[in-house]
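These notes are about the structure you will find just below.
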Amino acid sequence: MIFSLNQAIVRFKNRTAIVPPSGFTAQLTLLSSAAMAFLAVFALALSLAADRLAQRWGDELSQSSTLRISAPVEQIDAQTRQALRVLETTPGVETANLLDDESIKQLLEPWLGPELPIHDLPLPAIIEITEAGAGYDGEALRLRLAGEVPGAVLDDHTRWRRPLVESAQHLRLMGSLSLILIGTVVAGIITLAAHAALAANERVIKTLRLVGAKDRYIARAFVRRFTLRGLWGGFVGSLAGMISISFLPPLSEVGGFLTGLGFVGAQWALPFLIPCLIAVVAYVTTQIAARRVLRSFM
Amino acid sequence: MIFSLNQAIVRFKNRTAIVPPSGFTAQLTLLSSAAMAFLAVFALALSLAADRLAQRWGDELSQSSTLRISAPVEQIDAQTRQALRVLETTPGVETANLLDDESIKQLLEPWLGPELPIHDLPLPAIIEITEAGAGYDGEALRLRLAGEVPGAVLDDHTRWRRPLVESAQHLRLMGSLSLILIGTVVAGIITLAAHAALAANERVIKTLRLVGAKDRYIARAFVRRFTLRGLWGGFVGSLAGMISISFLPPLSEVGGFLTGLGFVGAQWALPFLIPCLIAVVAYVTTQIAARRVLRSFM
Amino acid sequence: MIEFHNVSYGYGGKLLLGELNLSLLPGSFHFLTGPSGAGKTTFLKLCYKEINPASGHVTILGKDARFLSRDDIALLRQKIGVIHQDSQFLDHLNVLENVALPLTVAGRPRSDDDIMELLQWVGLGEQAYALPQELSGGERQRVALARALITSPDIILADEPTGNVDWEMSTKLLHLLVELNKMGKTVVIATHDMHLIRKAKASVQTRVMRIANQRLQLAGSDL
Amino acid sequence: MIEFHNVSYGYGGKLLLGELNLSLLPGSFHFLTGPSGAGKTTFLKLCYKEINPASGHVTILGKDARFLSRDDIALLRQKIGVIHQDSQFLDHLNVLENVALPLTVAGRPRSDDDIMELLQWVGLGEQAYALPQELSGGERQRVALARALITSPDIILADEPTGNVDWEMSTKLLHLLVELNKMGKTVVIATHDMHLIRKAKASVQTRVMRIANQRLQLAGSDL
């Protein structure tokens, strides 16, 4: 048992040794895997941040809209009651609250100062609406209000929401595109590096074939090497990327408009997928390249 | 004249021919130059966009601040005049305008409705301040106002400005870091690819030395090749990057808070610097690599 | 061991060898001569299937070479010892490892003592831990010989094995091959050295094959 | 042309050649023999400064080799024709281009007619457009010879130039070298082939140098 293990180790050592330590293509593969993993971590972080942004902007901005009722003093109460009734029966409206005087005062304070004689003023009534789920149909509500509550003005924020959500989706798309681009580049570089290594070792491969080595035996030495390099380079790069990201000072958040570039909770596990993916890519591309080169020798 | 040109062309052809067409390292250099140039274009665009953002946010938010004077009715005029005098002598203040009733009304309309009885209200006086250049010293102004105009409240937006400008600078920093990273990776990959090509051609170099070729002659063949490849790859990558960017739908701009990722006007010339830089990097790294390899042969 | 059935071969359409009908019997000792460029190396390549005949077919160790898979070829080569004209080694492995390579790739156990003994025989005891590129031309040829013999193959194909060694060493190497032949191995030596052939004839029954005008002639004992 | 002043050389501390004092005169014809591994190739490498002596110094074409810059070495090699034991070519260039290579790298004009004539001489007229790896062992040696001669060098150093060619071709190549020697070139041939040396002695005055026991002995006319 121990003997066969020992034999296996000796065989492993022998096998890895049949390919010369290919200095530069090795370093090339390591470097490019690491660099690409590093960039991939950032692209991933960007995608995730954009995703969070899209969600948050979508959520927050759609949450509240306001309905203002400006009408002659004697009608205001009646129209407000009517508006509240309408809102209660509108699908997609979660709550509809009439703001009390204190709230209105707070709203106006920055402009008019604290000593506002609020009771002397012909203030409009303001109703704050919170939306549920997908929100309500703004156009339909407006039409209905025009008929039933002539003094009502709906301020529904969709004109704010749409472009922001669009922007975030835009960012997310770019993040994903970068990830795909990076993946392609990694695959390309590793394929070419493997090919370069195989081409540089053409005489080695020819010699091995001539002394009776099987294809599998020769291919394995190259495939193992490139897979390990991809894995290791990817790991180092990902780690470096994650460390860089964790050292980024958190973005000050202004009204929830921006979100820090980084990972949240379990997302920190995602970057570790990158070296695995690179290793898989390296395995497949090297395997194909090795078989192709081998077939050119009898 | 024509004859010597012809001879030069023949010599050029001969020279490029002494190094075998190194298939995979060639493609590797092309691919990585192109990929890196592509990414560099994006990083550049990001940096420029962040720069624009930082400027715009810095500008727009700092441009105007407001001074509100809430005081008993009989003192308001006196205090307003006093405040205007103070502001006129404050360095960094471009203009200071007392808002007329109509402007105030516009300001309040969304909240109070259009039928605001403005003359009946004990409205505060509001002075709009436009800053010049680097802006004024908010703390100093506040102190001075506290002494001379007790009813004045300065609302100078710095609390808004700072985090946003910070965020933009943050983005700009990341863009620059990406550019540096990409530059390093390009240099690394080209160095390694050149080394790999030189190592693969060790026998060629040795043979050339043995038949009497000077170092300069051998190095030139490699250097020329890698420089051209870097230039060409970088050009293709930059072009692809620029095309991608120009096809990006423009980011909807919301209150000037976001800016499209892209180039503006003459900035479109910047990406063309990338292939040139890559070519310079390729030239220098290949030159160094070639000299080092050559020195190992007598 | 190896049979040629009406084999012909040529590079790029130009006929080089034609109408080869021949069988190398077990335990036979052959010399292969002919002017430079006649096709000696090409003939040997047909024997270990580095190239395939343009027409006809070759039977190697009882198997029709046309129907061998790539892995079969590998296994076959483990039973044939070839000394190539341009001896190729793995430059990053020392002489000992290079000689052991056929055992390593076949996954067979190796005895360093045996290898050292073989190296001593070909006069390279001191060079066992040198790298191939640190050897002289003749030393490389001898390493190639040692590598071909280490698996104790049934067939030994030697392409110009003494082109770069002195006469004394040549006869020593010849002696080694003759001894192996007496143990039952089939030996084919391609050479230009007529003196070597004459020397061999003194101690073993050899057959001399001569390639000329695209034909292989058995020269018999006419030297 | 080349003078050795008390030169010694060794690889890795082990002395290989010692107390070399020698001058190769213009127009002389030398053979260099010695057992495999004696140091013949090493001696020739000292002659074209691929290696530097451990002690003593070499004067090549009147210049002390110690003080040559890398470009000087390149210029020097354009005046010395070397046939290496393991002939190395640029595998992507055909025979014609490979033979023309010394002219190309020196920036000297070339005449394809001259090259073809030379190739014809060494029996490779048909192979002018073949790639080096498509040549037989002997054909490669002849290409190496042609490449060494194309610049019409003052000194010709040939390391085992006939190891892989038949006797007929060997004598033909020897004849070519003898003719060049008669035109005033200095020729040094390292070889194991005593018959070749005997053959040369018949037509030209040669000096035979023998390396044995780390020493170079002039064997004079004792063959």
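As written, the chains take the letters A, B, C and D, and residue 1 is the first residue of each chain.
Definition applied: contacts are C-beta pairs under 8 Å (C-beta built on N, C-alpha and C of every residue); 3 or more make two chains touch, one makes a residue touch a chain.
Computed from a prediction, not measured in an experiment: that's the story for all the values here.
Annotation of chain B and chain D: not jointly contacted by any chain, touch as defined at the top. Taking the CA centroid of chain B as reference, the farthest chain centroid is that of C. Averaged Cα coordinates give chain A a centre that lies 68 Å from the centre of chain D. Averaging C-alpha coordinates per chain places the centre of chain A 23 Å away from that of chain B.
If you average the Cα atoms of chain C and of chain D, the two centres end up 29 Å apart.
For chain B, the set of residues that touch two or more other chains is empty. Viewed as a network of touching protein chains, the structure reduces to one closed ring of chains, two contacts apiece. Applying the touch criterion to all chain pairs gives A-B, A-C, B-D, C-D. Chain B meets chain D in the complex at residues 11, 14, 17-18, 20-21, 203-204, 206-217, 294, 298.
Interface residues of chain D, counted against chain B in their complex, comprise 48-52, 70-71, 73-78, 82, 84, 88-93, 97, 101-102, 104-107, 147, 151. Within the complex formed with chain B, the residues of chain A that make contact are 23-25, 27-28, 31-32, 35, 38-39, 42, 68, 70, 104, 107-108, 110-115, 117, 120-124, 126, 155, 160, 162-164, 166-167, 170, 174, 178, 181, 185, 188-189, 192-193, 195-196, 199-200, 248-249, 251-254, 257-258, 261. Against chain C, in their complex, chain D makes its touches with residues 11, 33-37, 40-41, 85-86, 123, 134-139, 142, 159-160, 163-169, 192, 194-195.
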